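Following are the structures in question.
Presented sequentially are two complexes of chain A, the first with chain B as partner and the second with chain C.
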Partner chain A sequence: MARNLAAFLVLFLALSICEAAKIFEPISDLHRSAALELLTPVDGLDASLEETYEALRVFDILAIEKKPEGSTTTCQKVLDNLESSSPPKDLFYALKVNSLLKCWVNEEVFETIASRLKATINDASTLLDIYYSIGSLVLIKDQASNVDVLLADADGTFHSIKVLSQGDGRWRYSSNNPDSSTYAAGLALEALAGVVSLAASEVDQSRINTVKNDILKLFDSIEKYDDGSFYFGEKIVSTSEHQSSLSTTASVVRGLTKFAAVFSGKLNLPGDKILGLAKFFLGIGIPGDAKDFFNQVESLAFLESNRVSIPLILSLPATVYSLTQKDQLKVRVNTVLGSAAPPLTVKLVRAFSTDAKDLAITESKELQYEPKNGLHVLDLFSKNMDVGNYVFVFEMVLKDSDSSSDFTTGGQIHVPIYITGVIKVGNAEIAVLDSDLGSIETQKALDFAGNGIVSLSANHLQKLRLSFQLTTPYGRAFKPQQAFLKLRHETKVEHVFVVESTGDKFEIILDFLGLVEKLFYLTGRYDIELTVGDSVMENSFLRPLGHVELDLPVAPEKASRPPPPPVCPYSRYGPKPEITHVFRAHEKRPPQNLSLTFLSLTLLPFIGFLVGLLRIGVNLKNFPSATVPATYASLFHIGIAAVLLLYVLFWLKLDLFTTLKTLGFLGAILLFFGHRILAHLASTSAKLKSA
Partner chain B sequence: MSKLVVFLFLALIPLLPLLCNSFSPEKPSDRRVLVLLDDFAIKSSHSSFFKPLQSRGFDLDFKLADDPKISLQRYGQYLYDALILFCPTIERFGGSIDAAAILDFVDSGHDLIVAADSNASDLIREIATECGVDFDEDPAAMVVDHSGYAVSATEGDHTLIASDDFIKSDVILGSKKIEAPVLFQGIGHSLNPSNSLVLKVLSASPSAYSANPKSKLTSPPSLTGSSISLVSVVQARNDARILISGSLSMFSNRFFRSGVQKAGSPVKHEKSGNERFLTELSKWVFHERGHLKAVNVQHHKIGEADEPAIYRINDDLEYSVDVYEWSGTSWEPYVADDVQVQFYMMSPYVLKTLSTDGKGRFFTSFKVPDVYGVFQFKVEYQRLGYTSLSLSKQIPVRPFRHNEYERFIPAAYPYYGAAFSMVRISFSRIFAFVFLSLN
Partner chain C sequence: MARSTSKDAQDLFRALWSAYSATPTNLKIIDLYVMFAVFTALIQVVYMALVGSFPFNSFLSGVLSCVGTAVLAVCLRIQVNKENKEFKDLAPERAFADFVLCNLVLHLVIMNFLG
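Let's look at the complex of A and B:
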């Protein structure tokens, strides 16, 4: 249990160190190109003045030399806003744009606005109204020095803002709104700073001190991320005025720095919190939203020149160093916006390997400053800097000790450093051993540099042994994180084994007798693959070693089945093979000529009969000669011929029903005429007999 | 008066779905997308992924995942066509959403994008498991690749992977090849072998493994090699599409903009493949591609134009169907050479590949088998990445009628002849005999 706890603590410490060691990069050219990409469409024609101001301000801070397109139309928009009686918010942003674009505005316009704004301040009840009005007056003061903007009743205005403050340092938006907001606190601080700078007579020092207390209380509610960055979160979610933590923090920073700038004393805020705020803004990276971008860059600009303490950011161009290239350790110290830091020295306090934290690898060293590229460098790759993961601890010491209170450096900074190198692989061999005796049956040396592969064969009573050695460039044993031996059966069933190290030698013995169950009793060819890799090993490799023919016993019935192989999506979705129906074959028939020949043979007797008939001659002397019987006789014969014709038609095409119908009709006629002619014949024969 | 108002209100309720412009079979692209975030900062740090979606006309609704007011449906109607979960750490959604509600959402044919990360919560893992994707159970595990990592001066632990092992499918990833590798940093997953609908879109390299990068390994990791999937998609049978990624940062602006050089490769790409890869993938997930419809199924005897009510065995028939693919804005003719029709009665009697004229019409002709019964024309078209087409049309097949057999068999002519001459002669003989004897 105690061991588990200790292990947990070690893990926790490792995590906390690693997390504290996140490096923040100051604003760089990446930001500038992103700004051009993101904000260029904003300063166009249909953007609001607020958006235009944000874009212009970002360009101004980042020193991007870009002539905004359509600045004349923007100026026109500014003038329109100033001359009409627009609400304080629009005036505020119009003046802000004017402060950057320097449009030509009449002094009289400023005069009228200033008097109107003063009136607004006196009877304003909401924080936003006061904020915009005072902000506008401050801007007018900067833009037109002759205009009278000073507040006669500065104390009263100060008080009317201050009554909205809450016990915990947050502010309410108006007196009838009970929700307090951190975002509003930022606005209030900025407004108060404006009041102080606009005051005709000095504002009472005790009032300022209470505001200072408010700021300290506000900082009690600051929130912290694991990587050492601080931010202000907005508690109220219910209102539509909800602000993200970025805009809330930006608002507080703006208010704080502006307030700290207007009075002579010094705010006693801990430097690490200011640095934490800077880290919060830098940790965002490059925001993709124009508003977020503006908040980030503007807040960093305020932090860069604030009067509380200016954060200095230590960054490393690279944290991965290669032993083969023998690079120098380079450290850069900048302000948040990436400009040069005051003269200072960077010390490497200590360096330790993440495996052995107590063992310091180097003593304290001072880095050399190279003025030409602004880097602090150190040659450190000595004999005891072998490949591995290290944590370097840096400290910044300002040369000018008077100014050290103006800056915050964050104390000791832990930076993870990876030192990589080429690992030598040697003494690799693979062998098949007899189980009981341990005698070597076949042994083969492996050369990982070449492409040679081995082919082995073994049965379940034997063992497979693979061994190799890994050494660092300085000849020490090296233990990589990844040392896998993979056996892959023909049926794509894979087995992964971790190769363990004993001393400086890596060895794995696969005892097939104990593994038959795990191998699912699958006899056949297994491909052997070795993967060795580590984050500091430059020559990590995945190498097929060859194959082994395994002869395993037949699986018992209860043995577990191998897992189903993964289905290949390409074959599953392919078209199916075509199916054509096999029709029933016709019965075999003789060729038609044969049938016709036999037909003619069968008709021969009939033809002979006909010929015979012709030879005999037709005897028609009994045919009646009288008209009536002759008609009956001929009709009777025609009827017989019709029936015979019907039979021919039945034979050729008619069906039974049609035939029977017609036959019924013909039969009736035939019966009638037959009767007649027979009656006639009977009467003639009776006459003959009687005669 | 109040009764009238209530009546009017009730009368208008059925019209509500018509008021919103939404997913329909005629226009299968999604329109309204709910994006659930852990933190609003993701909206701006991942804007390069969201911006193109908005410019393609999607209506993205960003909400915090624990916002108590979020819901997927109201009055039984879904409010969204698709859901993006960019909240890997959420333990419990706000409002009425839970894992079952999300699965119901998918079961009713809506799309889903899930991004997990190294600290993914059990809830996200559960949703993924239900979709056929099992994330590595070790909460500290990440995908590590010591051979296929992205070269970086500041990331030394090889968890930033440059992967270019894409699925070979034009419909999922677009017809243009993605040149640059895709940056990935997060957790790996494996596909459930019993789920046949889930596909690996981006796989890890054979040397990759999933483990805690900070600890030494004593037992083999549960996931190794190219069986690790980094990004997977599901094409469900109801046309719902799901995208599951083990990395949230692969959607971020930082990865979109970053250059990439894969370890061991001399080529350094100016820009990573993430933007192309994820844009193409989002087009697929949101049904701007690979959605098929089949219309105008026709069949008739050769030489006739009308569809008969019944076929006779051995008839020659023609079958045709029009297939169109949705391009995001219009239905374009579908071009393929592997659409097949089956003439089916308990098993296919005829299975034939349809020819096409390149304008969406697929046709073929074949002879009705000499087996009678109730058949079906079946088109079961399932292709990688496309929605499945399943058409069936029932048609009976009858045998020959008695008068449809051949009337004269040449082989029987000798019998006819023999019978005829026999009958004639004997009849005439008897007749003559009787006649002669009577006279």
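Let's look at the complex of A and C:
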């Protein structure tokens, strides 16, 4: 049983994976709100000009009306960068920010920069230096029309970039760096586009044609995902300037579209690859990283207005349709940034069920365009379109045939569609049969609409039969993904049986004689539960049918025992019962007054001792009067007092080691002085005796 | 008869007291000290009998401190007594030094045990 279920599940998953043809959604308001959240902190002073530019550019593309609060400080930063002699990269981003913020910059500043950049271009050996310098000059040209930015030796500059190109269409960063990079190819194409637009005299057409060939070769190395998206990967992994495939692809798209914009001819690139690039950028959803977000949005903006071919994206507001609601099939066609597509018609070329791929369900139909909401709609539902999983094949045809070469639609687009409906359960009955004769002992009809509960009784010589029919809204037999019958004994032992279909009827016969072993000879009441479920069945159900009193023979000696009830996973991983610590009860203490009384009582013998001393007439006359012995005597007594004090401290807070160390020191002093004073006393008494 | 018995007892005690009065003062001091220690120990025992022996180590250390110092004092008295011929050669100062040292060691142990 379990194996059946597992195989079923694997099959289902495999099916669902095969069917996962991805639908790409154009940029929507979700992107706008994500941009506001992700890119807002760039107003801060610590953001670099590059980050500021990226945020501003994204806001510009997505038409978000948001004036950065720190625009005056950003402008100040831009001016600082322009007026000081910053490296070309800083200049480049400062000019880019300025192109969006339009800060007030003196033309003389532009002129100084332009002449400096021109000198840099002549001396530059690395691609990045040329790229930033050319880019900056192009930006100056747009921002200050009076400044002379034209390159006198455009052919030479063109050549100095072109020498870095490789046979496969990729570029090197510099002449002494052997690694060729796709990312660099994007930069180089953008720089070449800049050179062409800055050229004082026309650049030689043959040079442009060689670059076109480079682009075509570059597109030979394009990589592909299964969902039809194309991207450029970066081969270099060891160097520090490694780029992700997102930024590499973004760089190529930027270079390609800019280069395609500067010359008059047409670049013959296959439209499906351009569409595939758009799919790649759309397929990453909403990136969580500001840099990725910028790359995605900027590349899509370039693709939206490129001169090669503009990708059009077909998307569906919903892919699940309900037969009960008779929805219309709705299709939307947009550009990648979500703006309206040119006039076109959408055709449903064919539709087929995933179970029978060869069998087309509908003939070719044209969807009606509704201008008020920009949707192409079709009244879809016919007799053929029953519940199930389908694949619809769409095709877009542009009305204006002249512009059809400017757009790419990607040919036939396969979209998985799910049609759901209410499945009717009929002819449901449950019966107890006599085994030998097959005659019906009890038979009860089941009503799945109501809450009827049946109660049956049977012994081990009888059979239980359950049968029902499932029909779709159009009257066809329906075979659900799941149809299970469950018997549950009073002791929570469960048995699950698969209800098989024979023709258009579902039937299961439980022969209790053959099942006694499996039922562990457990006599008693069994609850019956029926599960019928499918992803396209709107009324999938799991409902109790009633119960059957089973009278089974007594278990023989060696019959297997029922399994222990499964441990509830919640109890296994849930919180353990709280541990309550049992502390030893406090000993009973005497009343405080009693203890204080005895404390004073213990003082009584001491007072008695002192009184006794006075009565005897003790005095200190024997205390040495000479200075040295008196000092010794005092120090001896002080020493004893110190040792006793040390003992008190030991009792109160010190540990044994500290105490013993101190005791050793005090003991040595005490020994010395004790010896001196006692020796003095002994000699005195000896003198007295001898006298 | 009874009167004469009590009178005899009084006479006996008086004789004992007069005989004791001849004892040297330093021995008297030691005797007094022994009495003081013994009575202190007795009071602690009575206290324990009244309230129970819960901090038993405290009780033990308290009583043993008294008994121990009393025993040491008795030893000192034996050594210092001039009548005692056995310790004739031993200087009383030496005996006192022993007494002080033993007391210090005893009380170190007692403090450790007091808890």
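Of note:
The working rule: the second predicted complex is superposed on the first by the 466 of 691 C-alpha atoms of A that agree within 3 Å, B and C clash if a C-alpha of one lies under 4 Å from a C-alpha of the other, contacts with A are read in each partner's own complex, and residues count from 1 in each chain.
In this section, a residue touches a chain if its C-beta (ideal position, glycine included) is under 8 Å from a C-beta of that chain, and two chains touch if they have at least 3 such contacts.
Treat the numbers as computed from the prediction; the structure is a model and nothing was measured.
Judged by the touch definition given at the top, the superposed model places A:598 against both chain B and chain C. When the two structures are aligned on the shared chain, A:265 is found in touch with neither chain B nor chain C. Within the superposed three-chain model, A:609 lies in touch with chain B and with chain C [touch as defined at top]. After overlaying the two complexes on the shared chain, residue contacts for A:679 are found with chain C alone; chain B is out of touch. In the overlay built on the shared chain, the residue A:640 is in contact with chain C alone; chain B does not reach it. In the superposed model, A:374 makes contact with neither chain B nor chain C.
Once the two complexes are laid over each other on the shared chain, residue contacts for A:589 go to chain B and to chain C alike.
By the document's definition of touching, of the two partners only chain B reaches A:244; chain C does not. Put simply, chain A uses residues 589-590, 595, 598, 601-602, 604-606, 609, 613 to touch chain B in one complex and chain C in the other.
By the touch criterion given at the top, residues 587-590, 594-595, 598, 601-602, 604-606, 608-609, 612-613, 616-618, 640, 643-644, 647-648, 650-651, 656, 663, 667, 674-675, 678-679, 681-682, 685 of chain A touch chain C in their complex.
Residue ranges on chain C touching chain A, taken from their complex, read 25, 28-29, 32-33, 35-37, 39-40, 43-44, 46-47, 50-52, 54, 91-94, 96-97, 100, 104, 107-108, 111-112, 114. Of all residues in chain B, only 39-41, 43-48, 50-51, 67, 144-147, 152-158, 167-168, 191, 193-194, 196, 199-200, 206-207, 209, 211, 213-221, 224-225, 227, 252-254, 257, 314, 338, 340, 342-343, 348-353, 366-367, 369-371, 382-384, 403, 407, 409-414, 416-418, 420-421, 424-425, 428 touch chain A in the complex they form. Those residues of chain A lying in contact with chain B across their complex are 11, 14-15, 18, 23, 30, 34, 237, 244-246, 284-289, 292-293, 316-320, 354, 389, 416-418, 420, 479-482, 484, 486, 494, 496-498, 500, 531, 533-537, 540-542, 563-567, 569-570, 572-581, 583-584, 589-590, 592, 595-596, 598-606, 609, 613, 652-653, 655.
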